[in-house]
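Got a structure for you, written out below as structure tokens; questions coming shortly.
Note that the chains take the letters A, B, C, D, E, F, G and H in the order they are written out, and that residue 1 is the start of every chain.
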Amino acid sequence: MKSDTLTIAGRSYPSRLIVGTGKYASLPLMKQAIEASGASLVTVAVRRVDLKKGDGESILDYLDTRAVTLLPNTAGCYTADEAVRTARLAREAGLSDLIKLEVIGDEKTLFPDNEGLLQATRILVKEGFTVLPYTNDDIVVAKRLRDAGAAAVMPLAAPIGSGLGLQNAATLRLILEEIRDIPVIVDAGVGTASDAAIVMETGADGVLMNTGIAGAKDPVAMARAMRLAVEAGRLAALAGRIPKKPYATASSPGDGTLR
Amino acid sequence: MRVLLNGKEHEAPAGATVLALLETIGLPPGRVAVEVGGCVIRRDDFTRVEIKEGDRVEVVQFVGGG
Amino acid sequence: MKSDTLTIAGRSYPSRLIVGTGKYASLPLMKQAIEASGASLVTVAVRRVDLKKGDGESILDYLDTRAVTLLPNTAGCYTADEAVRTARLAREAGLSDLIKLEVIGDEKTLFPDNEGLLQATRILVKEGFTVLPYTNDDIVVAKRLRDAGAAAVMPLAAPIGSGLGLQNAATLRLILEEIRDIPVIVDAGVGTASDAAIVMETGADGVLMNTGIAGAKDPVAMARAMRLAVEAGRLAALAGRIPKKPYATASSPGDGTLR
Amino acid sequence: MKSDTLTIAGRSYPSRLIVGTGKYASLPLMKQAIEASGASLVTVAVRRVDLKKGDGESILDYLDTRAVTLLPNTAGCYTADEAVRTARLAREAGLSDLIKLEVIGDEKTLFPDNEGLLQATRILVKEGFTVLPYTNDDIVVAKRLRDAGAAAVMPLAAPIGSGLGLQNAATLRLILEEIRDIPVIVDAGVGTASDAAIVMETGADGVLMNTGIAGAKDPVAMARAMRLAVEAGRLAALAGRIPKKPYATASSPGDGTLR
Amino acid sequence: MKSDTLTIAGRSYPSRLIVGTGKYASLPLMKQAIEASGASLVTVAVRRVDLKKGDGESILDYLDTRAVTLLPNTAGCYTADEAVRTARLAREAGLSDLIKLEVIGDEKTLFPDNEGLLQATRILVKEGFTVLPYTNDDIVVAKRLRDAGAAAVMPLAAPIGSGLGLQNAATLRLILEEIRDIPVIVDAGVGTASDAAIVMETGADGVLMNTGIAGAKDPVAMARAMRLAVEAGRLAALAGRIPKKPYATASSPGDGTLR
Amino acid sequence: MRVLLNGKEHEAPAGATVLALLETIGLPPGRVAVEVGGCVIRRDDFTRVEIKEGDRVEVVQFVGGG
Amino acid sequence: MRVLLNGKEHEAPAGATVLALLETIGLPPGRVAVEVGGCVIRRDDFTRVEIKEGDRVEVVQFVGGG
Amino acid sequence: MRVLLNGKEHEAPAGATVLALLETIGLPPGRVAVEVGGCVIRRDDFTRVEIKEGDRVEVVQFVGGG
């Protein structure tokens, strides 16, 4: 399976699992969990430096940027303008064009504002960014994001941090059938290993998660579970599962039994 | 002079460059990104760009996030 | 996770995945798939020698019995008597006391005849067999099998070969809460990787499958997928997943965003 | 739909909903709820008279036995013998041969002891009872109960009082395909109206419930909801639903729109 | 329940079921089905007169406009402009301000173009229309439609005509919690009675369907089933269902049994 | 004489019939069913069947149940 | 004169009103709605509004739909 | 003599042992298990146990199964 990599904007990443860096009890724990996850893309947020604290320890001290590629996000932005400015700052800070674009439209559900998301995508694509937009399972929006030059579309499985798992396989399938030229990466809502496997079996090109790992009692073990589940789900999708049948079919020969 | 640094009133030396400002607040320029008046400042320009009275300055860095 | 092994009747097996050997296009393919599955227990059926064919090639030529332990079954038996006789012959043929006990009660669904299953279990336990009975998700029967000396209880996830996956998580959970002194191994009905992960996350000690792997378009790939999924599900069960929430919770910090 | 009645042992009942009389805050409330449910069969339990209380008010004062037929149960019996004795007493008290037969095998889940259930069924059928046995979704047991002369089989949807709704549609379907000469009535586990509709749509001949109605905040409203849901589910089963499709199909004409 | 009516823009409708008039084998059959459904709001499409056919029989000959209120739709419109023009024509033809607003964004899935939908809503609200927009389960869009003056929001349960039933209860719940001042009517995707009951139990104020009834083998029977299911689901929502429990709780008294 | 009535020791008049027993405990026979020594007593026999010393007697009625 | 009626070329009497046009095509005005050049014509205006050469005319009615 | 071998009539040499029978049908004893008249024969006894006229003999082996 060496060759089965996730390719975004012409660049290949060995793992189809993308993990976040938020909500860990400590940075060392985060470091361990990320290593256990085997992720090659790791999201970070952009925030104002706390002037009182001044030059504290940086998350970058705990991320081996030779092993992982940073994927800055625009989490917390509620307008296209905030998201665009945040993306530009992220590029300066990270010296890379990758951006996980979030334009949030509702505080309680963190659902995307797809109108703002499309605006910001168009601007950032023009500025040469590799835009990975977080959106909901809306095929019309997915097509527009693609047409606007997004490098991938990232529909949610369920609300961010909810851990509900894939809530609507039907709409995800429709998006996967339609969006074939760029990756479809399911972003948010995955709560446990089987959720990740289901997403990959459905045909997603990758999964992005943070809370599901960071919030587990043992984040390192869950990170490893997610790594294996993503690989398992991907393999199963490629292997071609048996059809579902209402009845039983024996796995042992029907004849030659004692009588 | 007074600037709005990360949303808060801040006293900066008149005519300070971005780099100078960062030094006064004890921040190594290596890992931060700076926006002045809504425009991102490229790191190479930290020594050149001067901050003006009342400028809105944002100094950001990467933190954990998903 | 080295130490997290499946222990049956005092003997430990490194893998929690048990695989069957039926329905493969060829024995070499079966051999590859079993290796890819990493299974340490492998089921085989007992059948009359075909006198016309005489001494053909044996499945044993394709099973490395230093790497895997054979688990003969009594598949195809419809009475306790047939199952008991088959188990005794299996012991002679395999020189081991392990037996996957099946007493089938319905041809179309291959549902167990639990009354016959209990009878056969009592007889075989008395004769020193290590009895692993295939049953349905019936807590009363599970308790009786345990009390009769079964070395494990093996409730189905769905009808044999149906690939429907776990149909009733509620009853499986009840059985898992009640049967704590011997392993609960889910036997039959698993169709794809996530099915196996779900079963393990629910708390099962192991999974037994045949058609799900042998019937896949690429059995070797699916075998590997199942191996990873079982490990992922087990890890996730131990890691302690996040609770499910109806609302979102941000994974990036709420404050410090640009305004 | 006048003629679409539930027929048990040659006798027809206008409603396919059977309701229990337990757990109501008061007997008058029970009376109202039963009327709202439109049930024609109503279960009652058999219990020792409390000698301290002596001749208190009787549930019979609140059941119009011209409108409803009593269906005594053997709830709380853990052996065939207890169940048989209880059934005989019920017949004396109610002067009818109808008995809802329960032989419980596990206290926490109230799962049936199918072995004892079969014994008791055989005895009571010989004594001329019309036996309606409560069982789980086990097709082998269902066939044996039918062959033993049961007037119906009553598999559970979920544990008694759990309100989980139909947990395993696959096994219920298998039973419905096999048991065609006597009614299959889903007994226990229904929590809300849609649960009852689903059971009927799956093809069940009737539904029996108690807690789902008696435990609702407004039992009378829920009784009416259940009555409508059972009728709706039955009608839908007969009407022939549309097939499920992954894609959309317009309900308005495709041509003739403005351009 | 007399008083439990569906109120849209200050006007009350006795039934919470809204039905379409498309896809019937004949207009007389449509008439029967609509009567059986008990719907008080009935959708119609606006289409060019076929000049070859000239003055054929009109659907209006089969709709008793004293019994039902017409709800013209803009089905088939792919731009805000087309939808607005169609709405204006509908008002002239029907002499009413009610409009079911559709702006479709994808032909295969008939998913809404929410950007165009919002534009059209703003225009039509300004022109005094009572706008009922068909949308997907997007809380951000739902809030904007409300803020734009829509008289209700109508998220889909599943793709139009798919009959998949409610695919994402989580997102519907979020919308229902947020949109409290105007009705939330689930539009499209309902396939059978239980689907309608589930939607109402989830808390929707109404359901709109066409194919689920018109496409059934017996549309009149299914229409009646839907009518009962909507009423059942609504009643159940108001009645307050029992909580779901993993274990059983007896419905008959625990003591006083024979021993 | 002593009988075991509904699982409890009970003092009954010697040679009492089922009906007599029911009367002593103030129960109208109309709605109860009775078992003596494991055998159900048909209602018509309440006046005939005599209870013996040590008999196990069960007197039951219908209550709410599901 | 030529008009575009429901997307098709159509020959209409010069200076015909909406009503006249409807009559030439045998449509009672009662149940249709008419748009001329993108503007809806109120029913009361059918007799007043004249159609001009090349006008885009839409004549619609209600049909079954969901 | 006639025996019932795996459910079929079979002619075996009179007084043949299990091993002899296996040889006549060309089966190496290594991987089969044998039941005679409903009783399993331990492998070590293949040379000792004689088959009698009309015996029901089952010769089985492992095959693929789940």
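Here is the rule we go by: a contact is a pair of C-beta atoms (placed from the backbone, for glycine too) under 8 Å apart; a residue touches a chain by one contact, two chains touch by 3 or more.
Remember, predicted model here, so these are calculated numbers, not experimental data.
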item	value
Intersection of the contact lists for subunit B and subunit C	A
Any chain in contact with subunit E as well as subunit F	D
Comparison of D-G and C-H by number of C-beta pairs in contact, larger one	C-H
Identity of the chain that, by mean CA position, is farthest from subunit C	G
Most widely separated chain from subunit A, with each centre as the mean of CA atoms	F
Centroid spacing, where centroids are CA-atom means, of subunit D and subunit F in whole angstrom	32
Whole-Å separation of chain centres (CA-atom averages), subunit F against subunit G	92
Chain centre separation (subunit E, subunit H; CA means) in Å	73
Whole-Å separation of chain centres (CA-atom averages), subunit B against subunit E	55
Multi-chain contact residues (two or more partners), subunit C	20, 22-23, 45-48, 73, 75, 85-86, 89, 108-109, 111, 159-160, 162, 164, 170, 174, 188, 210-211, 214, 246-247, 250-253, 256, 258-259
Interface hub residues of subunit B, defined as touching at least two other chains	7, 35, 58, 60, 63-66
Chains touching one another, given as label pairs in label order	A-B, A-C, A-D, A-E, A-H, B-C, C-D, C-E, C-H, D-E, D-F, D-G, E-F, E-G
Contact footprint of subunit B on subunit A as seen in their complex	20-24, 27, 30, 43-49, 51, 54-55, 58-60, 70, 72-73, 75, 85-86, 88-94, 160, 188, 208-211, 214
Complex contacts: residues of subunit F adjacent to subunit D	5-8, 10, 25-28, 31-35, 38, 40-43, 58-66
Parts of subunit A lying in touch with subunit C, wherever the complex brings them together	20, 22-23, 45-48, 50, 73, 75-77, 82, 85-86, 89, 108-111, 159-164, 188, 191-194, 196-198, 201, 210-212, 214-219, 221-222, 224-229, 231-233, 235-236, 238-259
Residue numbers on subunit D that touch subunit C, as the complex places them	105-106, 108-109, 111-115, 136, 138-141, 143, 158-159, 162, 164, 167-171, 174, 178
Residue numbers on subunit A that touch subunit D, as the complex places them	170, 173-174, 246-247
